[in-house]
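One chain, chain A, links the two complexes that follow: it is found with chain B in the first and with chain C in the second.
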Partner chain A sequence: MVNEAMTVSEPRGAARLKKLYAYYRGALVPFLIAIILIIAGEFVSSGFASPNHVLILLKTASLLGVLVLAQSIVIIAGGEGIDLSVGAIASICAVMAAVVMQGEDAKLLIAVPLVIAVGFFLGLINGIGIAVFSVPPLIMTLGMSSVINGLVIIYSKGFIIRGSASKLLQTIGSGQSLFGIPNMLFVWLVIIVVALFVLGRTKSGITLYGVGANELTAELNGVHAKRVRALAYAFSGAISALAGVFLLGYNGLPFMEMGSPYVLPSVAAAVIGGISLAGGAGNYLGAVGGSVLLTTLTALLVTMRMGEGGKQVVFGLVLIILLAIYGRRTER
Partner chain B sequence: MENNGSVILETKSIKKAFGGVKALVDGSFSCKQGEIVGLLGANGSGKTTFSKIIMGLLHSDAGEIYIDGQPVRFRSPLDAMRKGIVMVHQQLSLIPDLTVWENINIGHEPRTKSGALDDDTARKRAAEVINRLAPGLSLDRVVKTLLPSEQQLVEIAKALSKGGKLLILDEPTAALEQTQVNRLFEIMRELKSQGTTIIFISHRLGEVLEICDYVVVFRNGANVGTVRFEKDGRDENRIVSLITGKEESGQQNGAKDRIRSDEVSLEVKRLSAGMLKEISFAAHRGEIIGIGGLQGQGQEDLLLVLAGMIHVEKGELRVNGKPVKFHHPADAIRHGVVLVPGDRQKEGLFLNHSLFMNVIYARFGLRGEWLIPFKRLREEVKRVVSTLSIRTESIETEMQNLSGGNQQKVVVGKWLPLNPAVLLLSDPAKGVDVQAKRELYELIRDLARRGTSVILYASDNEELVSHCDRIFVLYEGQIVEELAGVEITEDNLVTASLRATVKQST
Partner chain C sequence: MDIFNQLKKISRKPEFPSVIILITVIALNAALQKNFFAINVINVNLLTFTPLILISIGQAVIILGGGLDLSVGTQVSLINVIMAVLMKDAGDNQAAVIPGFLAAMIAALGMGFVNGFTAGYLNLPPMIATFATSAIWYGLALLILPSPGGAIPTWLVKGFSWKYSLISMPLIIIVAAYLVWIFVRRRPLGRYIYAVGSNETAAYANGVNTRRVKLYSYMLGSFFVMLGGFAITFQAASGDARLGLSYTLTSIAAVVVGGIALKGGSGNVIGAVFGAIILNMVINLIYFANIPSEFQEFTKGAIIILALALAVVYRRRESKSLALS
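Then we have the complex of A and B:
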C-alpha cells in the first residue's frame, strides 16, 4: 500500500536533541525555579549560592530524591496511587540496619540486603492490600505507616536504639571525595541513571506506565495489571528501605521516625516534577528537579531565619501555589 | 378497532440537529385518546430524539407540538408532566439507595395539609401500582438490591403512579421476563380502556404486533409510514421493509465467492458464560464470521469471553485443534486470539502516550524481551503505520492527536506483528469516517485472506452483510439463526433478528 501522508523519520542530530528536549521539558522547569531560588538566597545571605553550599543542598536533596523515586513508581502505577509509608519503611529499615551492623563494615553486606528484603515485603503487603483487596492506597499506606512506626516504638521500648552506621556507610552518606563532591551525589547519579533506564527502556517500565494510564487497556493487551500494581508498591518499599540505609549513613545513628519528615515532600516533589497524580505520566528526572527545588526552598526559609512555625506555613503555601500552577498547566 | 377518541398529541415536522448530524428531519405524528401506538425504527432513526422532544428533555429546532389541539412548548419534563405526559426511559431514573415506595413517589410526593410529607398516602399509592404490576414485591426493599427486571418494573410503576393521559414507554420490556411482560400488557390494555394513550417504543416486533393498534415507523429522522393492523393486517414483512427502507435484498455481499478452508482455527462447544447460553460454532481459517442481532443480546460478551476477559462457566474452547482455557487476556493472546475492543478510548488506547508505545504494548502480554529492542520495533511500527495508511506526523505522536479513524487503525494494527490466528472485532467502525472505514475493512479482509479467522460484531447491519462469510444471529445469549452465502442480505438479517423476538413472545 502506498502511503503519501506518512512522514516518519528517525530524529538525527539537532532533531534528536529537540526530541529529548520535548521529552524532558517538564523536568527543566523545577530545576530553573531551583536556580532562581538559589540566586535569590544569595541576596538574603551571601554564600547561599557558593559551590560548597550548592553541593550541600544537592546532598540533602539526594536523600529526599531516593524516597521520591519510591513515591514516583506508585504514582505512575495509577489507581490513585500514593505511598505514605515510604517514611516509615525507611525508618524501620534504618533501625534494623543499624542494629544488625553495629557500626561494623563487615556486617554492612548482610544488613543492606536484609533490610531491602524487609522493605520489599512491607511494600508487597501494601500492594496486595491495594490491588487484591481494593483498599484505597491512601488508607492502606497510612495504616501501614502507623503499624510500622508502632513496631519501632515497641522494639525500642521508647529508649535509644543500640546500633549505628558502619564507617563505610557513614562515608557514603555524609562524606565527600573528588573535588569535595559528596559521595551521596555519585550514588544518586547511579540511581537516577538506573531508574530512567528501567522506567523508560524496559518492558517493566513501559508496562507500568500503561497500567497507570489505562488499566483496562493494559489488561486487554494481556498485562496482569493488578500484579504490576502490587509489585510497584513492593519496589517502592525496597527503594524506601535503601533510602533508610542512606539516612542512617547520613545521620550516623538511627532514631525513631527519621523518615517521617520526608513523606509529604516526596509526594510534592514528584508532582512538581510532572508526575501526574492521575497515573501513567511523567518521569523521574522531573521528580529529581522537584527534590532539588523543595530542598532549596526549605534551606532558603531556614536562612531567612523564619521560625519553625513560619517555615511550615510558607512551605505549605508555596507547595499549594506550585501545584495549582502545575495543575493548570497539565490540564487539557 | 373503532376509535372515535379525540386527537391527544399531534406534532408537525419537528426538526432537530446535534451539531452537523440531523437526528430528526420530519417528526410528524399524531395519536388519539385510548390508542396504543408502536413507534419503530432502527438505531439512529430518530425515535428516541422524537420522544425526548415531546417530553421537554430536548428542544426542537423547528416544528410544532399540539396537546389536545393546543400548541405547547415544553421547557422541561415538569412542564410535560403537568400536561399529563409521562415517560418511562430506557435508562432507569431510580435512586439506588431509596426504597421501592420512596422511588415511586419521588418528584410528586403527596403532602399533608400542613405541608409535611404524607408517607401513608405515598405508601398507599405505591402499593396500588405495585400490586398490579409486580405482586409480591415488597415496598420496603431498597432499589439497589432488586433484580434488573424488578427495577424496570419499579420504573414503570413510578410512571404509572403519575397517572398521565399520555404514557411513553421506551423499550420497557428489554429487561423483563415473559410473565412480567404479560402483566405489563394487561395493565396497558386496562389503561387503554380507561382512555389513556400509550406510545410503545420497542425493537421486539413480536410484542409490538401483540399489543399495538398500529405502528409508526421512523427512518433517518422522518416518519416514513404507518401500518394499521385493522386495515393492513399484521404484516411483519411490510414493517421490516419500512424499517430498513429496502424492498428486497439490497446489499451485495463482498465475500461470497471465497472458498472456505477445511482447517478450523477456533472451535466453540456448548459455551455458557454470563448471559451466553450453549454457544457452539467453528471458525475456519480465513473466514469472516459476523455476530448479529438486536443490540445487547450478548454479542459483546461473546467476544470478551473469547478474549479471556470473561470467564467461561461451561463448555469448551479449541484453538487450532488444541483445547485451551483462558483465565486472562494474556492466555488468549499467547494462543493468537486477539481482541479489538468496542470502546477504543477506554479499552483500546493509552491516549496520552505515543503511537509507538501503544503499538508495542500489544506484545507485553507475551513472554520474554525485558530489554525493549527499540531499533527493531521502530521499524516494525513504521511498517504497521504504512500498511494501514495511518495518518500521523511521526510514530512519537500522542494518540489523542490522531483522528478517530486513525486511532482505530492503531488498535487493530498493533496486533498485526503478532500474526493472530483469530481476530475478534467489537464494532470496529463505530465513529469512524467513511474513508477510514473502507480502509479498515480492506485490511480485515486482507488479514482473512492470509489465514486469520475474523469474528466481527458490528452494530451496523450493513457492515456485517457486506463483509461476512457467515452471520450468527444472537438473541438473549443464544445463536438463534445462521445466515450463509446468498442468505446474507440486510433484510434477512433484520428479519432474523426481529423474528427471534416473535418466536419468544408467542
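Then we have the complex of A and C:
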C-alpha cells in the first residue's frame, strides 16, 4: 500500500514507479539470487557467466517458465490450488502436435490450435472435478496425469511415437536469431508481457486474485467463484498444451512423459517466486525469477560435476534455505 | 430400531464409503481370481500389500495432523539402501544385522524430525518443504548406493514371509503398527494431532504446543514409513535408491480414498489401511481382468478419480443430512 499523502506530494511518474516497485519487489529476490549463482558459477568454471551461456540458461528456463505460468494461475485461484497434471498435458499435447504435423510447417497451424483446445478441455475436466465435485486439487490433477500419461501409453503401445516438429517450430523452440538471442526468449517475453497484463490489469485477472484471496467476499461481490476456479484449471491446461508445443520444438521429437520432469519444479519455482500456496497473492514476474533461479541452480550443480546424488542433496538443501528465507506461510 | 440407529451411525463414519468400495473390489477380485479366498492366496496378497498399507498409515498420521509428506517414497528408498548396504555381509550371523536396523531407525526418525521441523518450527508449506527434503533423501540414497546392489540375509527374508495358516508376519506387523497408533490416539498426543490438524489456531489458543505436536506427528509418520521400508526391503532382498519413489503419491491417494480429509483433522487411520488395500486390489483387478498392460496406468488414474468423486459426493450429502437433523 502506498501512503496517500506521499502520492499526492510526489510527482505522478515517481509515485507510479514506486507503486510498481512495491508490487514487483518480491520478484526481485529470485533474480538477485540467480545472478549471484551465475557469478558463483563463473568461479567454478569460466564461461558460466558468459553472455552465450546465460542465454542458454534463459532458454532452458523459458520451457519451465511457460509451465510455471500454468501452475501459477491455479495456485493464485486458491482453494489449495495446484496442478500436477501440467506435465502430462504438455506431454500428450506434444505427442498430438507431432503426430498431426509430421514435420510439415503447413500443418503447424492445424496442430497448435488443436492441441490448445485439447489442453483446455483436459484442464476443464480438472476444474469440474475440483470445483463441482470438490475433489482435492492435488489428487484430482494427480489422477488426471495418470489418466493422460496412460492415454499416451495406450496410443503408442509402448513403442516410439511417429511424428516430429516442423522446421518452423524447431526454429522457434531451439533456434536463435538477432545477436544470437534464442527465439524462444522472444516468445517467452511476449508470454510474460501478456500474462502480467491479463493477470494484473484486466477484470478477469483481478477476479482470479479476488477468488483466491477470499472466496466468500468474491461471491458476495457477485463473482461465480466455482466457475472462475474451474476456468483457471482450463486455462492452465491450455497453457500447458502450449508449453508442450514448445517442448516439442525444443526436442524436435516427442517422447513419453516428456513434460513430467517439470511438474514439481514448476510448483517450486512459483513458490520461490513469491506466489503463495494459500492463493490470491504473488505475480508471474516472481515466478519467472523462480524459473531462472531453479534452472541456474541445476546448471551450476551439473557444472560442478556433482553426481546425481550430490546434486539432489544440494538442490533440496538450497530449496529449503530459500523457502526458510522468504517462502514462509504468512497467513497464520 | 436400535440396530437401525447403529447402522446409521456406522454409515456416517468417514471411512464408510471406502468400506463399500473395498467390499466391491473384493467381490470383483473374487469373481475374477478363482482361489481368491484360499489361505495361500490371501497370504501372498497381504505380503505384497504390506508396504503400501504401512506407508499409508504413516502418511495418514501426518495428514491428520494438518501436514503432508511428499518425501515418504524417498524415505523408503533411503531406509532400503542403508539396510541393504549395512546387512550385505551379515550372512547367518544374527547379531550382524543390528547395525543395519539401528541405522535405519535413526535415519527414519531423523528424517521425520527434519520434516517436522520445517513444517512446525520453520512454518514452511509442507507440500513444498517435503518436496525439497525428498530430493535430499533421494540424493543421500544415491550417494550411499549409486546403482542397485547390496543384499539382505536370506534368513531375514524368510522370516518376513513366515506364516502359520492365516497368521503371517506381515499381518502381525500391520496389526502391531495399528495398535501403536491406537495407543497414541488414546493419549493426549493423539488428541492434539487431531486438534492441530482441524484447527491450528484454536489448538494453539487452548494451550497446545502446536509446533511440537507437528514435529511428533511427522516423526510418528516416519516410524510407520520405516516399517513399510522394512517390508519392501525384505521382499526385494536388495537395495535400490529408486525402490520407494512410486509410494509417495500412491500413499496420498490411499489416504484420501480412505476418507481422510487432506485438510487434516478428520478421518480414521483404519481408512488409510482400507484405501491401501483398495488401490492394491484395483491393480490386481487390472491384471486378472486381462486388461492389456498399456491400459493399467489409465485405469488406475480413472478409478482413483471416480472413487474420490463418489466419496466426496457421498460425504457432502451426509454432512447436509447431518446439518438438517
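Criterion: the second predicted complex is superposed on the first by the 316 of 332 C-alpha atoms of A that agree within 3 Å, B and C clash if a C-alpha of one lies under 4 Å from a C-alpha of the other, contacts with A are read in each partner's own complex, and residues count from 1 in each chain.
Here is the rule we use: a contact is a pair of C-beta atoms (placed from the backbone, for glycine too) under 8 Å apart; a residue touches a chain by one contact, two chains touch by 3 or more.
This is a predicted model, so every value here is computed, not measured.
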item: Chain B or chain C, by number of chain A residues touched; value: C
item: Partner chain in contact with A:I154 - chain B first, chain C second, else both or neither; value: second
item: Which superposed partner A:L138 touches (first chain B, second chain C, both, neither); value: second
item: Overlap of the chain B and chain C footprints on chain A, listed as residue numbers; value: none
item: Residues of chain C that touch chain A when the two form their complex; value: 118, 122-125, 127-129, 131-144, 146, 200-201, 241, 249, 252-253, 256, 262-263, 294-302, 304-305, 308-309, 312-313, 316
item: In the complex, chain A residues that touch chain C; value: 80, 82, 129, 133-136, 138-140, 142-151, 153-154, 157-158, 264, 267-268, 271, 277, 307-317, 319-320, 323-324, 327-329, 332
item: Residues on chain A engaged by chain B in the complex (per definition of touch); value: 1, 3, 5-10, 19, 201-204, 206-207, 209-210, 213-214, 216-224, 280-281
item: Residues of chain B that touch chain A when the two form their complex; value: 307, 309, 328-330, 332-334, 339, 341, 346-353, 357, 360-362, 364-366, 369-372, 374, 378, 382, 385-396, 414
